[in-house]
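One chain, subunit A, links the two complexes that follow: it is found with subunit B in the first and with subunit C in the second.
Right after this comes the complex of A and B.
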């Protein structure tokens, strides 16, 4: 391996100084040299601001939430474990968590299947990918609440959907205030979040591998299972994470589109902060839910990694 | 530590332009003669009567040469958290009684010199007695309107006004009923239906049982005022709780066949009041605004735009149709929505979570 020649760099310095102006370029060179000689300071200068933002806006609020969750009554009250014991000993709250988990899994499954099919068709069967991707992310340009009210207009009795069905001679569905309405609302809202990582992973997939699989006699299903999915599993896992987490904490969609049987844990937390004024209990529920979500994410990521490794061996 | 940090951040935001001009040295009680002199040039109000606030921005601003802004809110905790963090921005709030009480207890509000305010005499005795806004002989708020939580019903569906909350448990109307996704309101309705005191009930189990029984009859629990009103406007439901103002809007602005009543068991009501929070950068302009809003024609405008009964007697300003809609019969059993004890609030909250999870 050739040794790096410091002498080879020297002629460039005067030219650069001329281009930048002698004093400005000199200062930049001095600054660069200063940091070059102090690698720890350089690391701190580069990584410090992002870490500071993380600490200020993530770690400290999280710590405050942990502290509040161990207090009783008003913030600043005596220390207690009662918020946690009350939550974990309550069949009511645990059943809400279970119901939330079921809805979140259903939403994630639907969004993954629909989103993957959409991303696949954009990558494989269309030339206007930019336009199609723009259409996918277009809903993000409108407020979440407004989009939910739009769905109310579509799904309500005699709304857009029912009117259209009646026009073609089909019976009305009256979906609003039901679990299907909640699933539709969630699917619509999170679909773009899933499509983007799916799309990114599919564009990196070498199409020669698919051709090779076909040449070796694999049908479409076998090719998908043994080549396409394993090669894009990182994107799939990312999409699942991006959908599952916000669904688990949602409270607006089930409140606006759900009927009487669609309570989610996010609604309970919201109620503790806004109506019951029991911030410590709300913080405790939030902490428990955060732990559950992180545990599920670790599990999901490891599962995804395992599948990827397995897929890699097969491919 | 948390409060101090929040106050610091809020103060910094104020210094960066959020406050609208820096805190005045004067406080409202410095005003001993009316009109107050040297109003500040800005007024930042937080008022959830959006349509009225939109009108007031121009009307008050033009009359007193004050630049007015309004921040709408959907829940009082939004401005209350601002006060907890150390207010440096808000000059005037339309606050609900229970939150005014909390704010007074925590020393968040300026005392208001109502004795020198001409419009104070316009406030009716009825609302002065109903609201809770004084402590140790000092007045901290000026009532703005009375807010009734009635039973709203479709007056084409029903031949006459239902006389009992029991209509919300009548399986004859299955699928056409709604409840408010609000632990206090819904549990208090159930308490009244079961013949209990909604402020201090004695049988929480019965309240939970009847709310669980009711659930299959409902189309939904509404959580947003607009959503609640839309249910009646779209005729998705025929009866349920809704505020008086939203019922007025549904009837007169949206053309929905709705009316409201106070069932024999009773109906809850509260009041909204103007307050001037400590830390207000423009307290004297806020004081002038509070007086201005309580003048008869401006209070009448509140009713026309929002449908809530103003704290001022506006009977001379009302059309016959509005007068018929607004006048509450003397024999209605109205119960003031007093601040609940921590125990009752907690039990109501548990019940409501259990009912929704059932």
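Right after this comes the complex of A and C.
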């Protein structure tokens, strides 16, 4: 073999070369020995590649967005605050941010109440938890756009909802391209996502505490308010974060279900990148979204939300 | 007692008497809310007629035939697969490395690695999408295909890691100790003991990464240029500009991919782990 004759010519490390030439297993042993003697290199070999890829293709692009947001029309131009002043001086954009906030708060409230009721019902009153959880999360794994399209089928005039209402003698609602349609669409896509942290925190809740509360004379409402809810607040905050953040940045749902009338800030970014081609201005709006999101995350962790802590529990 | 207090008392008694029935109603209503739209999609894929009106006059397989002879839609599926398959492989390898490093080694920057692997879930998709197009196109000048594959890798790493990491924890470490006592090195132990044991978790992580990548829209939409659309981008264009009932058929394709992948993944790992995306 060519390798072997090379090895014979190489007197510096005869043992290693022999191992390399002998067999696959020998090569593996050899590599293992090499790394055993160098634990830091071994760690670097395992952690380094994913680290490098996440930094280069995720962290640095986000930093690049910060840089670009301080430039004008041409990327690479001089530094300026004009994107931000343009944004902050425009009543239109500010009212869009306000409207986005309102929609996001409403969606988060609806999803939290419905999702918590569902998680509570499953944990306390059902034995088929795995099947029910599967039924909750399965819709979540199909394409987001497809799920919105399903609602177009239902909500459009002449669609499933209006036809059914007509059949039972009720007036049509023609909900498509209205704010209720946007709220329904968001509730539909985020409900499964919120149920999981609610479910996890309710499962961890010691049911003896609930019994104790009842033994002490508290009714179900009192027990819920003074025991169940406070004990599961981490899961609630996590769910709220998981729903609020994607809603705040969304453009698909308002575009498909809200038509052009209900404008959210994500749609403005999409416009800047896909129609207006003003990337620096789009980047600046991306920064505005990020600032809102970071502020909320900090608030959430203060309130005991455990997005990272929960990730830690799972890990 | 105030009127409000009496009402609360009534409510409490109602809850006490009918709690399990109320729970059953909540579960039934919410599950129906989640599944009726999907049932509608499947049903409407058999509806005759060019416009989407309900109820359809008659049922037909016509739109399935239209779909099967639509080269643009089939090309979009092929385009999606040429992105999703390599992205899934890369993502699973990287996620396994992250899980192994975080679980086995203590090193400076370990918590940063964990944070970086989780953060793509939290940062709004539109922000990351915008950041990627600026950096991949504006700064690096990467070609379309490479950019989209990288974007899909970043998108799927958090989910694959969240599924793979716990399998390292539940795995009996004494098997590894035994392997090492018998003289095997760390690398050989990994190949012959660790990997076979965590393999179900890795497959589950891979299936979910694939499903996510197959459905991925926002990153793709921003990073991708004017080249061939992936299936979600194709659907987006159809819905926005000319809806035909054929879109219902393509929806069924998405459904079948998602349901089959997730069911196999669930058979391999815990259902709670699959919900993060």
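In the analysis below, the second predicted complex is superposed on the first by the 244 of 315 C-alpha atoms of A that agree within 3 Å, B and C clash if a C-alpha of one lies under 4 Å from a C-alpha of the other, contacts with A are read in each partner's own complex, and residues count from 1 in each chain.
Here is the rule we go by: a contact is a pair of C-beta atoms (placed from the backbone, for glycine too) under 8 Å apart; a residue touches a chain by one contact, two chains touch by 3 or more.
These numbers were taken from a predicted model, which means no experiment stands behind them.
Peer 1: What is the contact status of A:229 with respect to subunit B (first) and subunit C (second): first, second, both, or neither?
Peer 2: Once the two structures are laid over each other on A, A:229 reaches no partner at all.
Peer 1: Once the two complexes are aligned on chain A, which partner has more residues of subunit A within touching range, subunit B or subunit C?
Peer 2: C
Peer 1: Could you tell me if A:105 is touching subunit B, subunit C, both of them or neither one (first, second, both, neither)?
Peer 2: Neither partner.
Peer 1: Of the two partner chains, subunit B (first) and subunit C (second), which one does A:177 touch, if any: first, second, both, or neither?
Peer 2: The first partner, subunit B, only.
Peer 1: Check whether A:297 is in contact with subunit B, with subunit C, with both or with neither, and answer first, second, both or neither.
Peer 2: Second partner only.
Peer 1: Now for A:95: first (subunit B), second (subunit C), both, or neither, which partner does it touch?
Peer 2: The answer is first: A:95 touches subunit B but not subunit C.
Peer 1: Looking at A:273, would you say it contacts subunit B, subunit C, both, or neither? Reply first, second, both or neither.
Peer 2: After superposing on A, A:273 lies in contact with both subunit B and subunit C.
Peer 1: Counting only touches as set out at the top, which of subunit B and subunit C does A:209 meet: first, second, both, neither?
Peer 2: neither
Peer 1: Which holds for A:31: it touches subunit B only (first), subunit C only (second), both, or neither?
Peer 2: Only subunit C is touched by A:31; subunit B is not.
Peer 1: Mind working out whether A:260 is in touch with subunit B, subunit C, both or neither, as first, second, both or neither?
Peer 2: First partner only.
Peer 1: Does any part of subunit A touch subunit B in one structure and subunit C in the other, and if so which residues?
Peer 2: Touching subunit B and subunit C on subunit A: residues 64, 68, 75, 149, 152, 156, 158, 255-256, 273.
Peer 1: Applying the document's contact rule, which stretches of subunit A touch subunit C when the two form their complex?
Peer 2: 25, 28-29, 31-33, 35-36, 40, 42-43, 46-47, 49-51, 53-55, 57-62, 64-65, 68, 75, 114, 117-118, 120-122, 124-126, 130, 132-154, 156, 158-160, 163-164, 188, 191-193, 195-196, 199-200, 219-222, 241, 245-246, 248-252, 255-256, 266, 269-270, 273, 279, 282-283, 286, 289-290, 293, 297, 307-308, 311-312, 314-315
Peer 1: Once bound in the complex, which stretches of subunit B touch subunit A?
Peer 2: Touch residues, subunit B against subunit A: 2, 75, 77, 181-184, 215-216, 218-221, 223-224, 226-227, 230, 234, 236, 342, 345-346, 349-350, 352-354, 356-357.
Peer 1: For the complex, give me every residue of subunit A touching subunit B.
Peer 2: 64, 67-68, 73, 75, 92-93, 95-96, 99, 149, 152, 156-158, 176-177, 255-256, 258-261, 263, 267-268, 271-278
Peer 1: Any idea which subunit C residues touch subunit A in the complex?
Peer 2: Counting only subunit C, the residues touching subunit A are 8-9, 11-13, 15-16, 19-20, 22-24, 26-27, 30-31, 33-38, 40-41, 44, 51-55, 94-95, 97-98, 100-103, 105, 107, 109-110, 113-120, 122-128, 130-136, 138-139, 150-151, 153-154, 157, 162, 165-166, 169, 185-188, 191, 208, 211-212, 215, 217-218, 222, 232, 235-236, 239-240, 243, 247-248, 251, 254-255, 258-259, 261-262, 266, 271-277.
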